[in-house]
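Structures for review follow.
Two complexes come next, and they have one chain in common, subunit A, joined by subunit B in the first and subunit C in the second.
The block that comes next holds the complex of A and B.
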């Protein structure tokens, strides 16, 4: 209702960023405690150093690989179990309680267990991401496939689509697409958190590990410089998916 | 086929529980007890942790930080949200920062919190408070800004003054958003308190998990995880019910 015109909002935000960064820089210089509040210029210098040394690119690469692998496994498990839960009452009552319990348990609390059971190689880290991301995918698949698009199935049948499997892939999944994308968006947000948790917990690899090791030696400017790309990565992934989501207007 | 799901069957979850616990017990017994705990061992550990009072004491520490931080988040978050909603320009300027902070995983901010607040109670409180307050204020601001135009119109035509407008249109319209913010804020607060207890000060239920991990006692870790899951479920379910209660106030225009 009180939505202001876009160019006005953007202008205000640009002025806001300029003021914010200036105030930060000036007060950090005056305060002169780089351990607590490094000036913006120092953070940018640290970011530049991380960029040209290749450390940031390498860490981001590892993190993105972990994220993609985790989301892929979570999608696969979420898809299979979600389909079962949606199509079978037995599966619903047998599986749903566990996933609901997993959903409310903070992923961080499960990390030490994963560490003990699977070690902290790549497998362990992928499992942490899967634990964080699988439930939103599963719930979206289950709710998307439960509401059966009867009219569409009728039409598909009369055009010769036969069998549950064929119906699933050609009709049900496509009709459920917007719900599935919303689930994927939620899952991606949680996956980024899971990735950070996995990497930070043992100071091992990726952007989370980078942040943790700079934190351990109290190089606050480098901590800020490494957090920034991680936040941007998270925002970029979620924005990308919601862009895609907005295109799915067919239901 | 929702109709098939509306009739709950009691024996299926029980059968599933028996299968899972039974399988877990059989597998758990055949594996090194340092790594894997069968349900019988978890139950025994849970009972002994309860008998010695260790778990209750830990839960008390956790609850203290959780409720104090969450209460502060409500006290600060709602007025700040109203301010951002009432001054759209301020809201628009602050939005990107709040969004950026909110979408940054908290574990990576832990090094900053250590240099700012140390590793004591204040640091844990901040982890609970800050992210929870952001969730509450952003949702409140949304609620204040998105008053239903039809109701505003009606109130105007009845010559409602500012106070009447706030009392009858703006506040009731914002409440569902505020309640949604309270639920999201509570989820954030629960995760925040556990992060603080595992990464900052090894106390509370998160501390029990961390100690169990160091002592290689998976049964101890699982006991604490279960208590956290149960507490989290209770808190979130209660706020869920409150949120559903206010759902109808949202109206169609939102």
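The block that comes next holds the complex of A and C.
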């Protein structure tokens, strides 16, 4: 298929959004049940109110902090365990089943355990994000490092690079970088889900908390007004990683 | 004259004494040991150009990797300038068959790599790298990535990287094998020119008989495994060989056909073994 020019894509997207919002607004006005479907204008008004009251900024700040902390811890754990799994068959057979199980277990099913073990404070919430995000990182580290770039290792050794640690950082990890970044991007998407789960099922807080508390009092326009920045946050973080990914890719 | 004096006063650039190396090939339960190098004694003089040729699987690459100390022999010694070595060193630099460039590094960063490993200041490393890249006509491509370059250009980068290390000995593993025929001839001329200007010692693996004879002071013919030196042949052709077509000289054709006859026997035997 021929690649479409950017301005055409943007034009189509704008038209799509405009049509969608207009249909929404008109049908919501005609339907006239704001509890079920608030009109776009009401949602925008709610969003504006959240913005000027500072509630949204505060919530976003909390959520981003949780997300970044969770991803950082997940990356660290994923990196260490992933390296182990890639470099040692024993570690692979010992650890792989647990991580595979964790990958398919919905994070929300683990929330009660986290609550009992770690409480509902920041630690508990970070752990929920880690549980959601760690496996894609770990698997990408493991698979990225498993295909050993033997020829480049030899090049590095011939020019005086010594020791496994040096080779790991100077060659193996760098060669695996495209795979690692793809894993991180996947993990970021899951981390946003984990974050929302943590904020709604542990203790209310952040964007997830906003959504839950407005939902509880049936202020549907405010629920929508809080969902929107949550999606945007998710898109922003994934886009950011994609950008970085493209810069690290060499072809 | 100069060569003779050097040979008398200097130890060989590289000397191998009784090198043995075997590998264990594990195919399921029946692991078997394969002899790759079976007692190699060899001295390569300063500023000499030696090509190594032999049937596939004869241990040429193993021999070169032993010279580079990338693998250690089971027995025997490798001496560089008369001193035994056991790990890669700055007096030897390798050029690889598939170029061995880091695909994520730019051309200049690939060339500075060995210098950065040695902790040279970045500016100094860049200056040295630049100088060598200009020499091979790649100054416009210093910020390109390897995949943007043709095979010939990539190998010029590989050669620049080896030369930029300042190593006296170049260990080249079929460096032009992956390059198209016409570019290869240019690369051969370029290499001969550099070798002559810079007085390097070159050890050059090839599977191309023409190339082996054309470049070499001596051609080392290896026999089919277990890896032994079958014959070392002096190539008696005047230098510089870049000014004329060496291939039409009588000495060239005679040396080439002598080598081919030796090599041919091995290949015939090899084929017979494979079909039974």
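Heads up, the rule we're going with is that the second predicted complex is superposed on the first by the 243 of 251 C-alpha atoms of A that agree within 3 Å, B and C clash if a C-alpha of one lies under 4 Å from a C-alpha of the other, contacts with A are read in each partner's own complex, and residues count from 1 in each chain.
By definition in this document, contacts are C-beta pairs under 8 Å (C-beta built on N, C-alpha and C of every residue); 3 or more make two chains touch, one makes a residue touch a chain.
All values derive from a computational prediction rather than experimental measurement.
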{"item": "Three-chain arrangement built on subunit A, subunit B and subunit C clash or fit", "value": "fit"}
{"item": "Subunit A: partner with more touched residues, subunit B or subunit C", "value": "B"}
{"item": "Touched partner set for A:215, first subunit B, second subunit C, both or neither", "value": "first"}
{"item": "A:177 touches, of subunit B and subunit C: first, second, both or neither?", "value": "second"}
{"item": "Contacts of A:152 with subunit B and subunit C, given as first, second, both or neither", "value": "second"}
{"item": "Touching partner for A:160 - first (subunit B), second (subunit C), both, neither", "value": "second"}
{"item": "Geometry of the superposed three-chain model: angle at subunit A (Cα centres of subunit B and subunit C, steps of 10 degrees)", "value": "100"}
{"item": "Partner chain(s) touched by A:239 [first = subunit B, second = subunit C, both, neither]", "value": "neither"}
{"item": "First, second, both or neither for A:27, with subunit B first and subunit C second", "value": "neither"}
{"item": "Nearest Cα pair across subunit B and subunit C, whole Å", "value": "9"}
{"item": "Common interface positions of subunit A, toward subunit B and toward subunit C", "value": "none"}
{"item": "Subunit A partner contacts - residues on subunit C that touch it in the complex", "value": "68, 70, 87-90, 93-94, 96, 98, 100, 102-104, 113-114, 117-118, 145, 147, 161, 165"}
{"item": "Subunit B residues touching subunit A - in the complex, by the definition given at the top", "value": "1-2, 4-5, 8-9, 12-13, 15-17, 19-20, 35-36, 88-89, 92-97, 99-100, 103-112, 114-116, 145-149, 152, 190-191, 194-195, 198-199, 206, 209-210, 212-213, 216, 218, 221-222, 224-225, 228-229, 232-233, 236"}
{"item": "Touch list for subunit A against partner subunit C, complex", "value": "151-152, 154-162, 171, 174-175, 177, 248, 250-251"}
{"item": "Residue numbers on subunit A that touch subunit B, as the complex places them", "value": "1-2, 4, 9, 12-13, 15-17, 20, 35-36, 89-90, 92-95, 97-98, 101, 104-106, 108-110, 112-113, 115-117, 146-148, 189, 192-193, 195-197, 200-201, 207-208, 211-212, 214-216, 218, 220, 223-224, 226-227, 230-231, 234-235, 238"}
